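Below, chain A partners chain B and then partners chain C, in two separate complexes.
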Partner chain A sequence: MEFKKTRRRNVWVVIAAMILLQCVWILRIFNSADRIRDGWMICLYQFPLLNSIIMPVVAAVIASRLCDVEHKGQALKLLETVMLPGKLFDAKFLCGSCFIFAATFLQFLIFLVTGYLLNFTGPVPAGRLFCYLLFTATVNVTILLFQQILSLLFVNQMVSLSAGLIGALVGLFIMFFPPEFERLLLWGYYGVLMLVRMDWNSTTRVIRYYWITADWNGYLTLTAMFCVLYLIGRMLFIRKEI
Partner chain B sequence: MSYIITTNGLCKQSGKAMRVRDLDLKVPEGVVYGFLGPNGAGKSTTMKMLLGLVKPTAGTISVLGKEVNSKNRLSILKDVGSLIESPSYYAHLTGKENLQIISTLKGVPAKDIDRVLQVLRLEKQKDKKVGQYSLGMKQRLGLACALLGRPRLLILDEPTNGLDPAGIQEMRDLICSLPQKYGMTIMVSSHLLSEIDQMATYAGIISRGELVFQNRMSCLHEKSRSSIAVRTLQNGAAAKILQDHGIGYELQDQYLLLPCLNDHELAGQMGLLYTKNIDIVRIEERHKSLEDIFLDLTGKAVSL
Partner chain C sequence: MLFKTIMAEQIKLRHSPVWLAFIILPVLSAVMGTFNYLQNIGILQDQWYSLWTQHTLFLCYFFLPPLLGVYCSYLCRLEHTNHNWNAVMTAPVPISFLYLAKLTSASVMALFTQIWIGILFVLSGKISGLTSPVPPALPVWLLCGFAGEIVICALQLFISLIIRSFAVPVGIALIGGIMGLGAMAKGYGVWFPYSLLCLGMRANRPGGPMQCSVPGFCVNILIFLILFMTLSMIWLKRSDVVAE
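After this line comes the complex of A and B, so read on.
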């Protein structure tokens, strides 16, 4: 039903624009043989960075496109006489998640295809790629949930879109702060759950990438944040009077 | 008489303001019930409470013979159609797509869409985006959504708001025809007394959140009575003479308001005043309109 409502709302255009931007970015990165040697690591370093800027905005736009239809036509006062508000919240979130999962998977596909086409050196780090997919999808979905709550509670979609833009900036700049700060905010988890770190030697001006172990504690914290956010957001929406 | 809606001591408080106070509604089955009140009297809040969109601060609501609670609300509302304030729609979808969404959620067969499109005369506009509809068409679409699944009760909040005179007439005729055609009960709110007068057989009048009248429209009409207004150049002396002859009067704006006397009685009384050298300058018959009664009941001269 929610997909039916998104007809002519051009949600896929947002995802296509994001994919296009990432394609351009990846083509710009791999312009030397050195980089192709560390291809998988560079991808797993660059994409979370890119995600921290782009995905909060994409999530904000998707959530806004899905929820704005209810505010514009004052549809909630009719919908809530034929369905429970909690179910509407769940349905909206499932629909938005499908778009976010599709965007995450398409992005993952881009870098798999890039890896094969450019012949990245070394074996495919399948386990790490799977972790990346899982972590990215979880952070994206949690940010989408936050955006959906704002989009449903506030009629003025500028509130949620501004939150998305601020989130994008916070997500990027918080990576330059100590790791403890990253864990405090949703947008910081792109950095917390990174699988690759970069070491830049200022004298030789050489960049070295290296693997780090997955931060499962960070993942669990994020999952807990998701659950708490879901329960609070759903309750606030149910309690909202029309 | 069986009631399709009853409320007992219904209250709604927002902040410090009491928007609805101890409301005891009784809407008989199979009638058009007009819910009348000035702007801000609490009509929409009451209707939203009936539909469960707003939670009452106190009191109980029974719809279709069942007390409404959070568990049975949706099962009761399956037999209730509603149009609150302005129509609900998805502007980027066509009229038919809008109805398909609501019919799926209501669990109504798809063929019912064609029926309501026909009833509301929207067949030719069904494939047009609702964003391109006029306000009248949007209002009709809102009513079409409410009529999906042939509900037993329709709750319509100011359905003629913003319509042109032809649209108002059309909407009014349609509302009046529904109880006979489909056996529905309709609760319709308005701030326009004339509108309720033309549609409703029962009326409830709400003022400052309190119900000040609830009965048949005919009872409201009975309250409207005629009087004779007489103006003389010696009102004080005239009043004394009339009082001495057992005629009650009320002084209002330099007129003596007498009860509705028949022609012979009036001629006799006026002749008496003439013989006592009272100079009569005006004699008028006055009729107390429904508006006057409404103002008396609501106790304030508000914009109707």
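After this line comes the complex of A and C, so read on.
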């Protein structure tokens, strides 16, 4: 039913535009042989940065598109008389998650295809790519959950979209802060769960990329944040006066 | 009549928390930009100019365009919902005034944002211990940035008039902001409406001259402004009202 509500609401257009933008971005990056040599690492460094700017806004747009339809039509009154509010919350979240998973997977396909087309040097780091997919999908879905809670609780969608923008700004800036700051906020986890770091030598102006081990403690913290957000958000929606 | 229409627009915005985001976003950008500046003071040696870049670079490309998009979406949503277009379009007010009132309302918010960014910049510099005088070009940066913001408001209002969704125009503004980065990198910033804000603010090169000449910048601002205003007015005159 939720998918039927999204018909002709052009949610896919937002995702397609995002993918197109990332294609352009990545094509602009790989303009020298040096960069193709470090291709996989550059991809795994650049995409989390790009995600921290784009994905909070994309999640806010998707959540707003899914929830605003009920506010506009004052449909919550009707819906909650025929189904439990908790189930409605879950259905909306699952629907939004499908869009977010699709966006994450498409993005993943972009850099696999780019890797093969540009012949990135070295073997495909399959384990790390899988970790990237898992981490990115989890951060995206957690942010989507946060946005859905705001979009459902506030009729004025300006609140949720502004929160998405502020989150994106904080998430981007916090990457340049000491690592302990990143863990405090949901949007900082694109940086916490990065698998590649960059070392820039200010005298030689040479950039060196290097692998780091996956931060599974960070992932567990994020999962805990997701669970707490889900429980609180669902409870708030159930108790909300319609 | 125009003044009364503008006042009516302001009445619609009473008690709306829309201004909060315009206060918070520059504060966050200033706090984090200053912190980042202080962390990398060894590399960022141009004092006020380096601090300006830290404050405004991300804000101009990625965050102010969508935030202006949120504001314009909100202004149009007031009419899209509750069948308000029916009332607005049958009021004895010229259509151009309706659009200009909304554009003025958005531009006033943009002006306050610019002043706020300027105040935060000077405060941050003083707190960071910068002893050299504040760059004399600061008011020009802010004014040129304001001109760029008016163009973005005009475009976003046009988009929000056509697309009745609240969120999609915001997404378009984000994409526009990111594409603006590409346009600036290629040297076409002055020809792309979303780049004009960054170009005017000298966010990526505050010490040097603008990427284009100042008269060229002003002419393009005027061209874009007239273009988007004309398109919006034609849209309002020609298309049938769809109220929800």
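Basically, the second predicted complex is superposed on the first by the 242 of 242 C-alpha atoms of A that agree within 3 Å, B and C clash if a C-alpha of one lies under 4 Å from a C-alpha of the other, contacts with A are read in each partner's own complex, and residues count from 1 in each chain.
In this section, a contact is a pair of C-beta atoms (placed from the backbone, for glycine too) under 8 Å apart; a residue touches a chain by one contact, two chains touch by 3 or more.
Note that this is a predicted model, so its numbers are computed, not measured.
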Which superposed partner A:Arg35 touches (first chain B, second chain C, both, neither): neither
Partner chain in contact with A:Val82 - chain B first, chain C second, else both or neither: first
First (chain B), second (chain C), both or neither touched by A:Arg128: neither
Chain B versus chain C as contact partner of A:Lys72, first or second or both or neither: both
Chain B versus chain C, judged by how many residues of chain A each one touches: C
Which superposed partner A:Arg7 touches (first chain B, second chain C, both, neither): first
Chain A residues contacted in one complex by chain B, in the other by chain C: 9, 72
Contact set on chain A toward chain B in their complex: 1, 4-5, 7-9, 69, 72-84, 241-242
In the complex with chain A, residue positions of chain B that touch it: 48, 51-55, 74, 77, 80, 82, 84-93, 97, 100-102, 104-106, 130, 142, 145
Chain C residues within the chain A interface of the complex: 16-18, 20-21, 24-25, 28-29, 32-33, 35-36, 39, 42-43, 58-59, 62-63, 66-67, 70, 73-74, 77, 81, 165-168, 170-172, 174-175, 178-179, 182, 244
Residues of chain A touching chain C in the complex: 9-10, 13-14, 17-18, 21, 24-25, 28, 53-54, 57-58, 60-61, 64-65, 68, 72, 156-159, 161-162, 165-166, 168-170, 172-174, 176-177, 202
